[in-house]
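After this come two complexes, each holding chain A, first together with chain B and then together with chain C.
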Partner chain A sequence: MKASRIGPWIAVTLGALYFLVPLIGTFEFSLRMRRGTYSFDAYRIVLGDPNFQASFLYSVVLALATIVVGTLLVVPTAYWVQLRLPKLRPLVEFVTLLPLVIPAIVIVFGYLRLYNSQSILPLTDSSRGTDLLLTFGYVTLALPYLYRSVDTGLRAIDVRTLTEAAESLGASWSTILFKVIFPNIRSAILSGAFLTFAIVIGEFTFASLLNRPAFGPYLQLVGANRAYEPAALAIIAFVVTWACMGLIQVFGAARGPTQPK
Partner chain B sequence: MAAGTIAISKPARRPSGSALAWIGVAPFFLFATLFLILPTAFLIIGAFQDADGHFTLVNLTDLSQPTILAAYKISLEISAASALGGALIGFALAHAAVSGGLPAWIRPTLMTFSGVASNFAGVPLAFAFLATLGRTGLVTWALMQWFGFSLYATGFNLLNFFGLTLTYLYFQIPLMVLILTPALDGLKREWREAASTLGASRGQYWRWVVLPVLWPSLLGSTLLLFANSFGAVATAYALTGSSLNIVTILLYAQIRGDVLHNQNLGYALALGMIIITGVSNVAYIWLRGRAERWSR
Partner chain C sequence: MTFIDIRNLRKSFGPATVVHDFALAVERGEFVSFLGPSGCGKTTILRMIAGFETASAGSITIDGQEVTDLPPAKRNVGMVFQAYALFPNMTVAQNIAFGLRVARRGPDEIAARVEEMLRLIKLPDIAGRYPYQLSGGQQQRVALARAIAVKPQVLLLDEPLSALDAKIRVSLREEIRSLQKDLGITTIFVTHDQEEALSMSDRVVVMNEGRAEQIGTPFEVYNYPRTRFVASFVGTLNILTATVIDAENGRLAIDGREVLAAHTVEGRASGDTVTVALRPEAVTFGEAADGRDELAGTVEAVSFLGAVVRIRVRLESQTVSLDAFNQPAVRLPAAGEPVTLCFARDDLLVVAGG
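Then we have the complex of A and B:
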């Protein structure tokens, strides 16, 4: 029953081809803007486009807001469930998984009906209100990943002992949370944060249906109207995603061995 | 896991402990109610109402209109094809990396790349495939130039069922690799050795050891992939505009401009999607519970 290595090599080679060829194809295409020669013209045009800068900046700010709100929501909840309400864990876990069950387009459809100008909470009436709604929507989308990451981080440390030690030294709840728990699960929070960033930065459905000038709708607009710029944008988006995943590995590795599985 | 962590008896808490304990999770449940439960409930209730708010089942029966049925059908087909394809290829890749006896660098490379590719979805993914397999794409051009083979003469089109499935595989395969690798790690070396010692062939080892252990993971992951592509909007929209009638694009158009000329029918359309992704996700969660038995 000696395993032959030809099969695995074929699988990995074909897989690598399927994943690399579109990247090479996109990169090659993005260089073709100037007739007869390769150039970075498409990148220069894209990066110099005020709409690119504005929408990218908008999405970066939105991603940071999502990370802050999401972390402040998820960490205390996961900490509290672990420490005081372990019976509630299955319910909380189920709720955090719901955004995977309910498609994003359905959730935003609900927002548009529930928070429109005729409702008691007319968030979509103003730009700021819609930005807030979009942030909350992104927190919802990020919930499954953020919660799982933080929960894994909390399970790897001894929450009870840390809390009791801090309590016996007279620490308040906010001190325990921000000076004891947060630093101890820093790598888990950062992993969740970078993943959230990668999800939010190019998100299309929420931003487009809520009519906000985010990077996702900008991408779609350029795609519908231009030839070479979309390819350059795809490469840029890939690099951003890669950077986020790379940072997760960097920060995850710092505490890697202490995390189960 | 349950047996090992019996809680150490707590020191006496402040009297208001239990009421206070619930306040700790109140923000989370308030958030979930406002931005997850209520918006969804609003649509579900709306699906059972007519324009005046009276109870009706007409919206659900109206889903049988040819356009809507066709949208559901092609969405289901694309999701099924990309889930099955993604699951099979992802399984082959993960298995090759975990127990294929390949050089050690293959596995971390594959995992990192899968993390990136499974998140490289949405609009940029559509651009990448257009630049590669579109009419002027690199592969289309190379096939013509080097082999005199015209891809588009064969009826290939990136903007139909086959094209969209091929594009979706770009995030489905890596997702499968990510979900399945831990399960494959759970296949203990001793089982293989025991089977081998007892004279089992490779086929018998797979039939009687690997598949019985892995089937909940395999089936569960396939269902997750299915739901994943069923709810996808951005890639399809950027790739095909509104030329391909899949259910997410129909719903997008309905939200934008009430193309069905009936708000409540739109809610029913959303309800149908929730049911489909809900059933496959609940089955996934149940199967994952079964799969975890082996990894204890």
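Then we have the complex of A and C:
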């Protein structure tokens, strides 16, 4: 091996160890529930727990709702900024980055202040209202990732010319958006969607402070009271996240009909 | 009868006016080209006709209906773009059918029209392919089929051949012209390529700095340029400075050598300087006979261009280029050789604004 390659290999190895050792340790620990032998007992208990199923299902539904609402908000906005308001791009990018710099706890206290039972719009008065508020909160959290994915997708196609071509053929704005723009940035939307899914599945602060039965608070609850199950849950959460990342890669690399020669 | 009537059209972007009081009347079924360099305003006018740009002033009427403020989708104007603009997520058939679906035509009618269009562009077997599976020329043919499938009242072509290689460009321009003639569709074509404009059009609008410098048939624009800009932009032209000796009789001096123009030099007095234009193909070697003028100089450079050899001759302070056919049997003068050039008086054009 050439001397010039040793440095990068050491860096990669150290990085891999830093990432993999705790993960392997957690996985190994999660298998130790039965004394003296490795078993998947912790996984069996976790997966058989009705609270796990309910909280996971709840978070999955909310993640899907977040993806739908976020996509319907972000795609037309990014499209409009690219097509008609390019000067606003820095401002929109700044706004979409705010959730990264404002802590989730600040956002959720803001929500509680704005939408409590004494406010004009008392969303926290009912479970459905709070679910709605939580969805909007998740849309805010996912905004930096969703907006960037969609914006990158839009930059890869000639938005202006495609729009004008469709307009000259008599298409309305909704037809242009749903028949021309959405299908051509499908992989970008899916990338953003999988990132959103991964964020929502593990989110704790919003769900806990709004008192909703999501997967994040369930993870915390189990972690506080059990030994091996939290390790199993951590591995399950990793698998879900990795599956999402893998799907991003699959859809990102797929050579679909939208790709140029 | 005028089909497209453009009056006093102006377009400003902030303080910059890019189109100044443009006016044009296009007959039904006519093929008109906007020819000019980049930034001359030709595409902006086309985009105002399509509705993609809003006019700052003036009006556009198509078939008696004013469309100046109508959105693009309501104008029934077909457009073909330089970048093809085929929808990448749709097959060729879906692309062609797009406008028909938007217009809510029946499935049988759409299928028949798509088949008809594919036959028309001579690509009947590519209905199921995606744009990325087609060559540039094929993509542009499909874009053309998509634009005319909805039977627009006007077809707008925005430099549709610019992205194609030379050979395909020539064959496609012939196809576009023959298709336009067959369908009788009123067409406006934007190009910066004078050969395209001259070979395809019924009339050419030569544009410069947001204004129409000259509107005329290709023959008129090429042979009788009205301004120095038209003379220099359309074709290769020798632009020379001459001094008026006798304006009424058309006597001029080019680098001290007297020549006689075919017409009087209007609005100029003796001693004034004028710009004259001379096509390279109008100049030959040899001494002048009746009705011809001559100039003397030295060969400066000989350029082989294939079928034609271009020879640059230095007079005293100016140069004149002339084109001679490449005939191996005929000897052409070499660089440094003194020569006499002659040309018909009719070919010496005194250019306005010069």
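Heads up, the rule we're going with is that the second predicted complex is superposed on the first by the 251 of 261 C-alpha atoms of A that agree within 3 Å, B and C clash if a C-alpha of one lies under 4 Å from a C-alpha of the other, contacts with A are read in each partner's own complex, and residues count from 1 in each chain.
Quick note on the criterion: a residue touches a chain if its C-beta (ideal position, glycine included) is under 8 Å from a C-beta of that chain, and two chains touch if they have at least 3 such contacts.
Since we're looking at a predicted model, the values are computed, not measured.
Participant: Taking the superposition on A as described, I'd like to know which of chain B and chain C A:9 touches: first, second, both or neither.
Facilitator: After superposing on A, A:9 lies in contact with chain B but is clear of chain C.
Participant: Who does A:122 touch here: chain B (first), chain C (second), both, or neither?
Facilitator: neither
Participant: If we overlay the two complexes on their shared chain A, which of chain B and chain C does A:213 touch? Say first, second, both or neither.
Facilitator: In the superposition, A:213 contacts neither chain B nor chain C.
Participant: Does chain B (first) or chain C (second) touch A:23, or do both, or does neither?
Facilitator: first
Participant: Tell me the contact category for A:73 with respect to chain B and chain C: first, second, both or neither.
Facilitator: A:73: touches chain B, not chain C.
Participant: A:90 contacts which: chain B (first), chain C (second), both, neither?
Facilitator: In the superposed model, A:90 contacts neither chain B nor chain C.
Participant: Could you tell me if A:164 is touching chain B, chain C, both of them or neither one (first, second, both, neither)?
Facilitator: Both partners, chain B and chain C.
Participant: For the three-chain arrangement built by superposition, which of chain B and chain C touches the greater number of chain A residues?
Facilitator: B
Participant: Go through chain A and flag every residue that touches chain B in one model and chain C in the other.
Facilitator: Residues common to the chain A contacts of chain C and of chain B are 164, 261, listed in rising order.
Participant: Using the touch definition up top, name the residues of chain A that touch chain C in the complex.
Facilitator: 157-158, 161-162, 164-172, 175, 179-180, 183-184, 186, 257-261
Participant: Would you tell me which residues of chain A are touching chain B in their complex?
Facilitator: Touch list, chain A to chain B: 1, 3, 5, 7-9, 11-12, 15, 18-19, 21-26, 28-30, 73-74, 76-77, 80-81, 84-86, 88, 92, 95, 97-114, 136-137, 139-140, 160, 164, 195, 198-199, 202-205, 209, 216, 219-220, 223-224, 230-231, 233-234, 237-238, 241-242, 244-246, 248-249, 261.
Participant: So in the complex, which bits of chain C are touching chain A?
Facilitator: 50-52, 71-79, 81, 83, 85-91, 98-99, 102-103, 130-133, 143, 146-147, 150, 156
Participant: Hey, which residues of chain B end up touching chain A in the complex?
Facilitator: 7-8, 11, 17, 21-22, 24-25, 27-29, 31-32, 34-43, 46, 89, 92-93, 95-97, 99-102, 106, 110, 112-113, 115-117, 119-120, 122-133, 136-139, 169-170, 173-174, 182, 192, 195-196, 200-202, 205, 224, 227, 230-231, 233-234, 237-238, 241, 248, 251-252, 255-256, 266, 270, 273-274, 277-278, 281-282, 285
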